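Consider the two complexes below, in which subunit A is the common component and subunit B and subunit C are the respective partners.
So, the complex of A and B:
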C-alpha cells in the first residue's frame, strides 16, 4: 500500500517539474537545471548537517562527477546521458567511500578542514594536468538520450527533464533514508555519540554511509552541471569557493525538509543571475550579508518560514 | 648541490612568508576558538593599503628607506580598524554559538570584504615594487636571491621570537595563556576576558594585514589574492596544531620546505603537496603536531 502511494507521489512530482520545464522559456529552464543540480549537492549536505557535520570540500565529489562525464566523453566517446550520470555518480560515491574511511573519524571543524584538504588535492591535480586543459578545462561531449541526439533548445529541455527525474528520485530516496533507523540516528549522533555507541551502533560506520550518500549526490550534481554548461574547469568545479557556495545554500535553505535544498538553490541562482547582471561588484556582498542575516535571524534557514506558516494556520 | 641550496633558501623564504601569514590565524583560534576565514581578506586589505601608501609615498619623493616603516603602518592601521569593527560590531554577538556557525559567520565577512575591496580599489592591479628593488640581490654561486626575500626570513624569526617572548614572559601574555587554558576559570579569577578577546582579535587582524603588507612589494596586488591565502594558511595552522604558535612555525617550515622541494624536483605536484601533507598529518594526529588532544566528553 505504502509503496504504491510513494510511487504515485514520485510520478506527480515529476509531472509537475516536467510541466514547469515545458512552460518556461529556454533560459529559465537552463537556470532551473543548474539550480536543481546544485540542490542535489545541497541535499547531500543536508544529510551531513543533520548529523552535525559540515563539509567544506563537497566540490571534491562535485568535481569528480563533472570530470568523470567530461573524460568518459573525451576518451571513450560515451555520450549516453543515463550511462554517464550513473558512472559519474558511482565514481563520486567510490571516492567518497575512500576518503570517508578517514573523514568519518572526525567531527566539527576537523571534518570541515579535512574535507577541504581533500578537495584541494583534486584541485591541485587538475590544475597541473595539461591533458585535461589545466586551468582552462575542456568542453564536454553533447549528451544523447538512448541514441536520440537533439540540438539547441530541445537538448536543454531533455537535460532538464532528466535532471527533474533524478531530483525527484533523489529527494524521495533521501526522505526514505532520513526516516529509516540509520537516518534517525543522525540527531542522536549529533547530540551524543557515545550514548549511540552504547546502543550498539557503530557511529563511524553510520557517518561513513552518510559521507558516501552526500558524495554520490554531489557527483550526480556535478555530472548534470557538466551536461548543462557543456564545459568543466577546475575553478568552477573543484575550488574551495565552490564548496563554500554549497554550504551557503545549505544555510540559506535550512535542513528541515528534503525539498528545501532545491527551493534554496533556485533562489540562490535567481539572485545570482540578477545580481551579476545589475551590480557585478556587489554580488558577494549581497551573499555575505544575507548569510549573516540568516544566521542571526533565521538560524533554521528559509524553510523555517514555511513551517512557521504551517503552524499558524 | 646547487639544487639543494636553492631548495633550502627558497623553502626558508616561503616558510617565513607562511609563518607571517598564518600566525595571526593560529593566535585567534588559540584564544577565541574562532577559525577566521576572513583572515584572507585582512591579508588582502593589508596588501592594498600598503601598495596605495607606498605609491603615494614615492610620488611625494620622500626618503625611500622610510617605505619599510610604511608597510608596518599599513598593517597596524588596517588591523586596528577592521579588527575593532569586526570583533566589537559582529563577532562578540556570536560567542557561545557552534564553532562551525562562527566559521560561517567569518565566511560571510570574507565574502563582504572581497567586494568592499573591489569597491574601494577597483579591479586593476596595484604595484608597490619600490621597496623590493631598493634592496639588491645576493648571489650564491650562480644562484641569485632577492635581499627582500632574505630579509623576510629575518623578519619572520624576529616576529616569532617577539610573539613567544610577549606570551611567555610578559604579564599580558600570562593572562592570555590563562584564557587559552580555561576561559571560564580565567573569568572567575577576575581576568577581563572580553578585553582579552578584543585585543587578541585586533592583534590577529594586524598580523594578517602585516602578511599582506610585506607581500605587496613582491606581487601585483590584484583582486582574489586573499582567496588563495586562506587555504594555505589553514593548512599550515592545521599541520602545526590549531592555536599553537610554535606549531605554526613548524607547520610553516614543513610546508615551505616540501613545497620548495616539489617546485625544484617535481613541479607537477607543487599545488597539492601542501594538502597531501595536511591530510597525512590529520590522519595520524588529528589535533595537529603541537596541540594537546582533548578528552572525550560523555
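So, the complex of A and C:
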C-alpha cells in the first residue's frame, strides 16, 4: 500500500514537471533545467544544514560531476546520458567519501572553511591543467538518450525531462531518508553529540554519510549543468563563489521541505536572469537586496511562507 | 563473579590525582549510592567506567571482560548506560521525539536510513516510557523549554532506552528543588526497579541515599573510604568527618546551623 502510493506520487510529480517542460518556451525550459540542477545541490546542503553543518565547498562535488561528464566524453567518447550521470554522481560521492573522512570530524566554521579549502584545491588543479583547457575549460559532448541523438530544442527538452526525473527521485529519496532513523539523527547531532555517542552511535560516521549524500547530489547537479550548458570551466564549476551561491540559495529556500530547494533555486535563477537583463551593471545588488529582504522578513526562507499559509487555514 | 568490577582505578590530570586506586565490585541488581564531597572523584569514576576517560592505571571488568580500552559507544552496546549531571538531551525537538530517536538507534548497530523512524512499535514503546516516567503532559513540548526536573527524567529515560544491565546516574536530583527530589527519585527508582537493572547513583542528599541505596560507597580525595550498608557507611566516623562533616567544619566560621550533624 505505502510503496504503491509513493510510486504514484513520484509518477504524478514527474508527469507534472514534464508537462511544464512541454508547455514552456525553449529559453524557460533551459532556465528551469539549470534551476533544478542547482536545486539538487541545495537539496544536499539541506541534509547537512539540518545537522547544523554549512558546507562552503559543494562546488568541489559539483565540479567533479561536471568535469567527469566532460572528461568521459572527451577521452572515452561516452555520450549516453544515463551512464554519464551515474558515473559522475558516483565519482562525486567517492570524492565526498574521501574528503568526508576529514570533514566529518569538524564542525561549525571549521567544517565550512575546510570544505572551502578542499574545493579550492580542485579549482587550483583545473586552472593549471592545460589539457582540460585551463581557465577556458572545454566543450562537453552532446549527450545521447539510449542511442537517440536529438538536436537543438528537442535536445534541451530531453535534457530537461531527464533532469525532472532525477529531481523527483532525489526529492523522494531524501524525504524518505530524512524521516528515517538515520535522517532523524540530524537534529540530534545538531543539539547534542554527547548524547548521540552515549546512545551507541558514531557521530562521525553519521556525518560522513551525510557528506556523501550531499556530495552525490552536488555531483548529479554538476553533471546536468554540464549537459545543459555544453561547457565546463573552473570558474563556473569549482570557484568558491559557486559554493557561495549554493549557500545563498539554501538560505533563500529554507530547509523546511525537500521541495524548497527547487523553488528557491528557480526564484534565484529568475531574479538573476531578469536582473542581468534589466540592470546589467547592478544585478549583484539586486540579488543581494533580495537575500537581505528574505533574511529580514523570512528568516526561515521562502518555505516559511508555505508553513504560514498552512497554519492560517 | 561480580557483574562490574573496578580494579585499582587511578586517574591523574598532570599533578592532580582525581582517582586513586579505586577498587569496587558490583553485583547484579544492587542499588549503590555514591557519596562524597565535590572533587572526591565520583564523576571521574563514572566517566572511567563508561569509557569517557581512560584510567591512568587499573582495569574495569564487566562480566569478566576487560572493558577498559572500549569507547563509550562500545560500552553502551555492552549494556552499561549513564545519565548526566547536566541532562544531555536534544533541546530543539519534542520530548517524544527524543525518546523515539533513543529507542530507534537502540534497535541495532545498523541504523536504518530508509525505514521511517515513526514505526508503531517504537511509538508504543515511547508512550510506555512516557507513562512510566510520568511525562504525559510534556509529550509534545520542545525539550529546551522544559523544567530541569523533567529534563533530568528524560535524560535517564533515554539512557534506559538501550535496556542496559547497568545504569550509572550522575546526580539524578541535582538542580531540582528540595520538594521535587523525592518525587523524582520515586519515579526513577520505581521505573528502574521494574527492569531489574543494576544501579549506581551519585547523590549528595543523605536522606535520599539512606532511602534508595541498598549499599553505599563513600569517596574522599579520589579514594573509597567506606563501602557497606547505608547504616554502616553513614555512621562511619571517617565518612562523617570527610563527607557529611563538611557542614560541621563551616560552623565556627559561618552562621549556618549544624542541625543535620
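Everything that follows uses one rule, which is that the second predicted complex is superposed on the first by the 313 of 313 C-alpha atoms of A that agree within 3 Å, B and C clash if a C-alpha of one lies under 4 Å from a C-alpha of the other, contacts with A are read in each partner's own complex, and residues count from 1 in each chain.
Heads up, the rule we're going with is that contacts are C-beta pairs under 8 Å (C-beta built on N, C-alpha and C of every residue); 3 or more make two chains touch, one makes a residue touch a chain.
As the structure is a computational prediction, the values presented were derived from the model and not from experiment.
> Identify the partner contact of A:244: answer first if only subunit B is touched, second if only subunit C is, both if each is, neither if none is.
After superposing on A, A:244 lies in contact with subunit B but is clear of subunit C.
> For A:180, select first, second, both or neither according to whether it touches subunit B, subunit C, the two together, or no partner.
A:180: touches subunit C, not subunit B.
> For A:128, select first, second, both or neither according to whether it touches subunit B, subunit C, the two together, or no partner.
It touches subunit B, and subunit C stays clear.
> Once the structures are superposed on A, label A:295 by its partner contacts, choosing first (subunit B), second (subunit C), both or neither.
In the superposed model, A:295 contacts subunit B only, not subunit C.
> Check whether A:6 is in contact with subunit B, with subunit C, with both or with neither, and answer first, second, both or neither.
After superposition on chain A, A:6 lies in contact with neither partner.
> Subunit B or subunit C: which reaches more residues on subunit A?
Counting residues of subunit A touched by each partner, the higher count goes to B.
> Is A:154 touching anything from subunit B or subunit C once the two structures are fitted on A? First, second, both or neither.
The answer is neither, since A:154 touches no partner chain.
> Under the stated touch criterion, which partner chain does A:54 make contact with: subunit B (first), subunit C (second), both, or neither?
first
> Is A:105 touching the first partner subunit B, the second partner subunit C, both, or neither of them?
In the superposed model, A:105 contacts subunit B only, not subunit C.
> In the overlaid three-chain picture, which partner chain does A:307 touch, first (subunit B) or second (subunit C), both, or neither?
neither
> I'd like to check the shared interface: which positions of subunit A are touched by both subunit B and subunit C across the two complexes?
Overlap of subunit B and subunit C footprints on subunit A: residues 192, 194-195.
> Touching subunit A in the complex: which residues of subunit C?
These residues of subunit C touch subunit A: 50, 72-73, 76-77, 81-82, 84, 88-93, 97, 100-102, 104-107, 109, 111-118, 158-159, 161-162.
> Okay, in this complex, where on subunit A does subunit B touch?
Residues 54, 102, 105-106, 108-110, 112-114, 116-118, 120-125, 127-128, 192, 194-195, 240-241, 244, 247-248, 251, 281-285, 287-289, 291-292, 295-296, 299.
> Contact residues on subunit A for subunit C in the complex?
Counting only subunit A, the residues touching subunit C are 176-177, 179-185, 187-188, 190-192, 194-195, 197-202, 206, 209.
> Over in the complex, which subunit B residues touch subunit A? Could you list them?
35, 90, 93, 99-101, 103-105, 107-116, 118-119, 227, 230-231, 234-235, 238, 242, 267-276, 278-279, 282-283, 286, 296, 298
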